[in-house]
Amino acid sequence: MASIGTSIAASGPPKAVVRSKGYWSGVGARLRRDPVALVFGTFLFAIIGAAIFAPYLGLQDPYAGSMVSRLKPVGTPGHLLGTDELGRDMLARLIYGGRLTLLLGLLPVLFAFMIGTVLGVLAGFVGGLVNAVIMRTVDVFFAFPSVLLAIAISAALGAGIINSIVSLTLVFIPPITRVAESVTASVRNLEYVDAARISGASAFTVVRVHVLGNVVSPIFVYATSLTSVSMILAAGLSFLGLGVKPPEAEWGLMLNTLRSAIYINPLIAALPGVMIFITSLCLNLLSDSLRTAMNIKD
Amino acid sequence: MADTVVDPRPDRGGPAQPLVIAKSLKRHFTISKGLFGMKASAVRAVDDVSFTVEKGETLGIVGESGCGKSTTARILVGLTPIDSGDLIFDGEQLGGDLTLKDLWAGVQMVFQDSYASLNPRLTIEDTIAFGPRMRGTSTDDARALAHELLTRVGLAPERFAGRYPHELSGGQRQRVNIARSLAIRPRLVILDEAVSALDKSVEAQVLNLLTDLKAEFGLTYVFISHDLNVVRYISDRIMVMYLGEVVEIGPVEKIWQRRAHPYTAALFAAMPSMDPDDRTEVPPLAGDPPNPIDPPSGCRFHTRCAFAEPMCGTARPTAMPVAGDADHMAACHMLDPASGHSRAAARIAELAA
Amino acid sequence: MTEALVDIRNLNVRFHGARTVHAVNGLDLSLKPGEVLTILGESGSGKSVTLKALLRLLPEKRTAISGAMTVDGIDVMSLKGRALADYRGGTTSMIFQEPMLALDPVYTIGEQIAEAVCRHKGISRSAGMDVALDMLKKVRIPSPERRLKNYPHEMSGGMRQRAMIALALSCRPKLLLADEPTTALDATVQIQVLLLLRELQKEFGMGIIFVTHDIGVAVEISDRIAVMYAGTLIETGTTREIIRDARHPYTRGLLAANLHDVTPGTRLEAIPGAPPALDARPTACSFAPRCPEAGPVCSAALPPVLTPGAGRRVVCVPKADRFAGATSAAPAVNA
């Protein structure tokens, strides 16, 4: 009977192995070949970049108003995108406003992604009673429309940025948990998970090595598609006075305060909405491209 | 020295001790219907199944869908728990002296779907090295072992170790699965339709490989397939299952010559003839295999059997030796002179001839 | 020669996408009325693609098809719109491996057959239901009146396959295309369906092109067998000729790999290697790299078409010419 392993010492160091590209670099390569992803990714990158580096762009003070130059139209010298109802520079306010709006779009989804994945994988892998408790709780949240839920939680917690993030996180945990649970349940029944179990690995290792890696990408793709929803909901909360408070620059809040100017200068009043539209379009298209790029089977 | 890389589980009972003794294995799955799961019915996937697997042999299991052969396979590797019965591996009883972890050190499995049984996000070498690493082998040693196993199954490690499953063909993936199953030095390998999804020309290569590996590593196989030609080629003994029960078991050539159970006979007769001048004219059986949910009473085959008599629907047959040969057993009332089946005497005489 | 029911001349099918796949290359095939032909091949041999091309089922945007195909005098390549719809299901019909995917889950079996008949024959709905009942009787489904009102998911696998055959034959097609219809079935059910198809073929007198990877199934069903490898038809002959006197080394390898009559314990004569990638049109014999008998000539140019008998075709370099060495730089091992 031959014994594996005895000849390892004799065979010396292993020969150079041809390595295939790793999964993530493969995804990156596919994204770079996708024209839609390139164009809209660049757009989104520019919007986020501008928001981050807003103080260094030489913009006017977004909070400095002037009673004499209120609601100036687009193209006014010194105010490229005009001014708002308090005479503040729109360009500066839109770029500064992106900071809060994007933060409110991304952070709740990120938190919900982390919490929802843990809950969903737990429910999907363990099954039984654990699954029933987690998923039925999630179902309770599903009984309310997400807008209503966000408003209700925000109203209960009180207005403010932190509370907005908390309420939006709570809104997004149920759908992400549900997606994570269904993906995990289907992966759990695949034979490589069986094979990993009979190799003697602990349940935790099986989940870490064999389940998590294969469920994270579909959950992630789903979560990215939620960022635009989150941004719009955040804007909605601010619009209702439940999120960010004036004079803070935030797209939803700007939309609200400019509401009264709609008959005087409709273009200015629409600008924050245009920003919300463009950003969520970019996010959605990028999420679609990501879904395609993450698909391993060609 | 390097022998510490992987320690095979030592032989305990000696050559005469069967590697596996399965006694009255039972596994029923309950299906709940209705709003609150009130109406529950049971799939009798494996119902009172007993057999042994001798050391160094290949036991082939055949049968149609719903016969319980895959559930039996999963029971043998401890992936499906049993409701009742005993599973004894080399003299140690599962649940008694033998834990699941011990069982997994001695039994491994190769699955049918070569793609679903490989983690798409792990490279080939990581997949093969996973088992040994879980058992405390160092990363470098496990990787070296993976390379050596890849060589043994005919895949050059320099070309294949760093690849991902989707970059391989079906035959290559199945070789990887075989290498993975051998990585923790099992003594028993369950091959569940392991070559069924492969093209015929590739299937022959893999069968040759399995034969070589068996001799090289002193393995015992349980080989499950729906293809009787393949089972005959690779097995020493075969076990025929029908709706969760064993209907016939015995050495392959003995069964090939004397198909004692009517179902075995029908299964063999259903094989395409391969002779254009002597094609099959009458189908050996009518209809589909019954649903294993609430299977027929008595002899489960009586609803499709040409020789069924009223008593077959009430009494469950016990396994009887065929032509007085205790190696070859079949569960049919016609083999039991005391059963009261009108053909019993004639049938016993016919098989003894 | 008698008028052929199907005549395929120089069929080429190429798929574009992330990479180009030459699925079928220069295929010539003909079928007489009432004849059963099996296309035998492994996965990727182009057998199913040929079948789908005959029914124009391949996605038009990603496929380049060239060549000529006529079925019952109809030029299949030029069919459009209404004429194509009449051809599909009317002149030519198809059955598939997985009836669950071919039958519509929201209509009963009876409704589906009746609808097909009404559409092609222009008869009333109640007359269509009568035809449906008659067809279910013909495919020997027990208690057909009750089964007429069943949905596909209420039937067992073998029953569904029978229902699909009833649907396919309800408009009396002249040609039936069968894409591995018995592969997913249990052995005892497979033989029932094969015998049923054989009987119905005699009764209806249609031609059948049957695609399978299983030689045993091919022997049970067919008059003639055509063997495909890597998109090329490599050998054609009657079932007897192929089984008793296979000429192409690949066909012989396949026959050996069937394990029929192999002594247990002996080493199998496996064909080494794996089928080639199909990303380029072959310029030599595609099987040469795996062929135990290949010589330098085999990998130098496309092999000739030999016709050892009437209706017999073998695409292979004759044994005597394989080591001619005239066209190859490789040294001839022995002549």
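All chains are identified by letter, namely A, B and C, in their written order; residue positions are counted from 1 within each chain.
The definition used in the following text is that a residue touches a chain if its C-beta (ideal position, glycine included) is under 8 Å from a C-beta of that chain, and two chains touch if they have at least 3 such contacts.
Keep in mind that what you see is a predicted model, and the values were worked out from it rather than measured.
Fewest steps needed to get from chain A to chain C, stepping only to touching chains, is 2. For chain B, the chain with the farthest CA centroid is A.
The centroid of the Cα atoms in chain A and the matching centroid in chain B are 48 Å apart.
Computed from the mean C-alpha positions, the centre of chain B lies at a distance of 32 Å from the centre of chain C. Shown for chain A are the residues that touch two or more other chains, namely 298.
Across the complex, chain A is touched by residues 1-6, 8, 77-79, 101, 104-105, 107-109, 111, 113, 116-123, 125, 127, 130-131, 134-135, 141, 143-145, 147-149, 152, 157-159, 161-164, 166-167, 177, 180-185, 216-218 of chain B. Across the complex, chain B is touched by residues 42-43, 142, 156-159, 186-192, 194-195, 213-217, 219-220, 238-240, 243-244, 253-254, 256-262, 264, 267-272, 274-275, 290 of chain C.
Of all residues in chain A, only 1-9, 11, 14-20, 23, 190-192, 194-201, 205, 209-210, 213-214, 296-298 touch chain B in the complex they form. Only residues 64-65, 169-172, 199-205, 207-208, 211, 226-230, 232-235, 252-253, 266-267, 270-277, 279-289, 291 of chain B touch chain C when the two sit together in their complex.
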